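Naming follows writing order (A, B, C, D, E and F), and every chain is counted from residue 1.
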């Protein structure tokens, strides 16, 4: 049987070309410009030597990691107003930055970065689908670079990372399960699912939504299968990017 | 083998006592006070005879459904400040109200409610875990009551609902997969998963998160299994509540 | 002379049916759902073991009581946008919550609740005129229940209440002075007056406004007379509700 | 019997020295700087040739009058932050500007200023008690001047004012009923009452509040009596100021 | 050669009539109502016995001066909405208040007012061009009066002022360089330049902007020349105003 | 005489290394990443086919150009909070974006881009002094690229640019006039001056400020001289960048 023909010629379980340009933001402790095809996100990790107020208020110890996500106004085909012009963040961005934070914290032992906050910033330079999965995948690279620098500088002793973390989207596009959807596929997909997994194959987050549609258990299992394949490849690319 | 002992004596795959008190908000088109054990949510559906501005701007036709979720200040053990006092909605509430909206829209044919917006409001009166799943489950009942009234009054001709929709939480509590977590279970759960499914057993939304934890595919499959059992029971309770 | 015929058949000096459903919000220290006819308000009192910042800043001792008032979106015939959606509280709600706070503080000896803040929350579930007077009347019941619990639990020693407090509206409707106006009367009244009085018949607050109208001293005296009658009845109903 | 000795030597039923400096804001249609002793308020009336949006939305005809009240930062002994620095108006200012608007509208026949909005602005230059009553009293003068100019210029044909309107405070200070309280009296008063009345002696608004205190009907009647005397004098002073 | 005819008959290098009415805001430590022709600004200086938070956070010592600028709603020909009604300050006002603050700080030795903040408030009562230069010129007078009072009261020992400071606008109007533009000149000027200078002739700030226009070095030098003349006259008028 | 030794070894009238990386934001109509030494700014120009509301309201024709400026959180040595987190733009950013807009509009004939708005976005990726002058210099390149594309695509017929525009900072650092200050020079400079000039040597904007300092006319003339030299070089570099 011939494979399903995707708009950009990819196979149904094929990632877009993925790469990392480290050091894009020299003032951050770690940074990378991650590309999933035409989707480009500036990911940075900055270390602050204090904890958020709510941790102090609750008497919590250890460290913390928090993430912010934003689309630059020129990242979309039609210019997107800045949050500050509209007076509030849009709900979608809030959802995404909470997801990025949870994903990174799931693979970190924060007790190993006492009294420090890691700030993750993901700013989308060009949006072509999958900005949240590119953000998580790039944020891991930026944070790992930052952590390696802290260890090298003797600021912390042990690596707080328990595992790597990467993310990819899968979805149902014209009744076919496909991996790593670009904007045109995403727009027409009936089901949109984002997988966040660790380097050792554990799940961190599964988010499968049918906007004005539903899906069967069989379809969901197919999505999980191609998603796991994609994550495996992304984790390898992350390793190569960090080792440079 | 003896079943796992839960704090409130329930079996691992047992729902809390669920019921619906319809008509709680007489000025809404449809309303119900849904209870999942001690969790109580006022759910209402109000019909407005116009579409949101963005639909007009994009030239979209048909109808729309939008949802708002809020915790009343006295719903929690420590009083929760109102959104307006803090100057913004918290991110968690934004995530939840977007989920409620998507869940209801997935089972509605909005082309059948031309030029109307259905406003869903979910206000938590008492919070004891599972407020988002109780909200979705109650919002379906309130909306179905509202739709039935519109049909009876001759305002719309056909039922826009393609199926029922209900939601339940599942999670891993002390290494055991459990159904419909209350607050104390939720607080200590390593994995928290919310399932939204239709009356006919299709998935609408799967959200599985490990906050500072990860989970295996086997664990995930166990969670899905008990979740599906819970949804089946909820859909029956919804039917009874609506038919009264 | 025959009495004036009111739209709902009441005499000019007759209250609507008033009752209290205590314990509506189990997580509050005290709560009641007060009904003045079709007007329903959830009133709760929550105790917080600290004082507001401005009291510390001014070096003030004793305790404090503060009130918040809000209309739930489905409480009105046309859905009312939430404050957070509009970005600010409306002026009317601010006026009302300030009035509720002043009314309760007038009958409390706050020096008897050292270092505690009583939070009053009044959320209107159904609005049919008189929501501010129902709120004050219900807030007293909720607060008295909360105070009784604190005394029973040994948290405070003496009852800080010096007297009961209740409120009722009076107004001029088609040239007739009437008691406890419902929405349709209120809308067409030329003068609207709210009376807050104590159990022993002292005034706490008199607010008489003619919106695009004025009134004579004789009319005002008639309004006071029927208002005092209404307050006397409300205070008895409050006592019964609390004693249960 | 000797009269009660007030801090500034006035009799209990004596106004402070009151005067009006018209034309303080030359770009407004009408303006005056009103002084009640040391209390000084810039009052202006500006005519805008359109109605507020909500009137159009509700299909209302005629004209409208709206008021804004603000304390300049240097009007108080300790500098008061601007509303825009605190991010919101304080509740007291909102109450006052709503009261100013209602008071003026009560004596206006707005159908005579078709498709116009009168903007009243009251900015307190120096605060020494009674800023709201000085604002209402000055706002009438500013508005009457503006109306006279419109009539003279042939913009409107008939005077929309049905009567004059003035306001004064009365209160209980060390058990004595006193008229037109200054800041030091106001601060220590157990009961604070604001009267708004017309030139012909009708009531527009009565607001009597006991902050942490209550009052008897006899006390209230005494307050009304001296308040009426004060209003009579203020109305004469207004007439003189306008006729110049 | 005959001099260029300006709309109000002034010579090209002639100031409008300038005067100062000190004590306009009696509760401020120092205040003046400055007039540049029809432009009128209430300028006040209030002393607060604490430093801004950011100075404490950065461990800075000495004193501070901060300025706020606002246009009263009735200062313009068409009523201007208040900042709080629009929800934010306009960019122009922010620019102006930053300029006022920098200008005053340039001539102050803040180490001589330990642990004090000088608050400058400039509220425009009537706007007819040059409100920012009138504000700076008046703010110096108000602050100098306040400082003189502090010295007289023994609160500070040495005068922190190193020099006087004044400001004037110059611009190119129909190809002619003119001094102190009024609103009609300003509106049609191709180049608008604001000069802030000290009593001894040093520059504090030069801001020359061509809105949709550019200018040559020769033109700029002509502007500087007439500006210096205007500043010299303003400094003399300031001295007279303070010495009264 | 030997030239003054600057921290990075430059001569007093020497620019940092300047270059442009065009096409950094592919979804914008024109974009460039401009570098002035370590200062890096993403500059983009996006064309929107409508005018701002205020132009319609004022009945204005032609086109418009508006600019937004922001510092990315990781552009500074200590992470800078996003505007949306602080709830408002900081005053410095507002000043800068207004300057960018005025500078570009001064060299554009907006009547040649009927019914179009050019949106300039300048996002600082790395801040090392001179971000506003780099932004203006880069914004011209991005806008010129965008205009060239519109002409090539036949969307507009004539080039609206009347001239090129570039900007550079000059300042007094340890009593020496220097060109194009980096962050360490800027921090210690007593006078900071920004020059905006056209390709043909006309002034667009001169902003010279002494923060807690003043300067003489001789010093100012020296600053202008080296600034003009810098602008000349920048204009050549812009031409090269555009011609590629």
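In the analysis below, a residue touches a chain if its C-beta (ideal position, glycine included) is under 8 Å from a C-beta of that chain, and two chains touch if they have at least 3 such contacts.
Predicted model, so just to flag it, every value in this text is computed and none were measured.
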item: Set of chains adjacent to subunit A and to subunit E; value: F
item: Farthest-lying chain, centroid of Cα atoms versus that of subunit C; value: F
item: Option in B-C, A-F or A-B whose residue-number contact pairs overlap E-F by over half; value: A-B
item: Chain at maximum distance from subunit E, centres defined as averaged CA atoms; value: B
item: Length of the line joining the C-alpha centres of subunit C and subunit D, rounded to whole Å; value: 27
item: Centroid distance [mean C-alpha coordinates] between subunit F and subunit B, Å; value: 51
item: Where subunit D and subunit E are represented by their mean Cα positions, the distance between them in whole Å; value: 33
item: Subunit D residues counted as touching two or more neighbouring chains; value: 87-88
item: Chain contact graph, described as a line, ring, star, complete graph or other shape; value: ring
item: Going from subunit A towards subunit F, every chain in order around the ring; value: A, F, E, D, C, B
item: Residue ranges of subunit E in contact with subunit F within the complex; value: 88, 91-92, 94-95, 97-98, 102, 105-108, 110, 163, 193, 198, 202-217, 220, 224
item: Residues of subunit B touching subunit C in the complex; value: 24-28, 31, 38, 42, 44, 46, 48, 68, 70, 72-77, 79, 82-85, 88-89, 119, 121, 123, 125-127
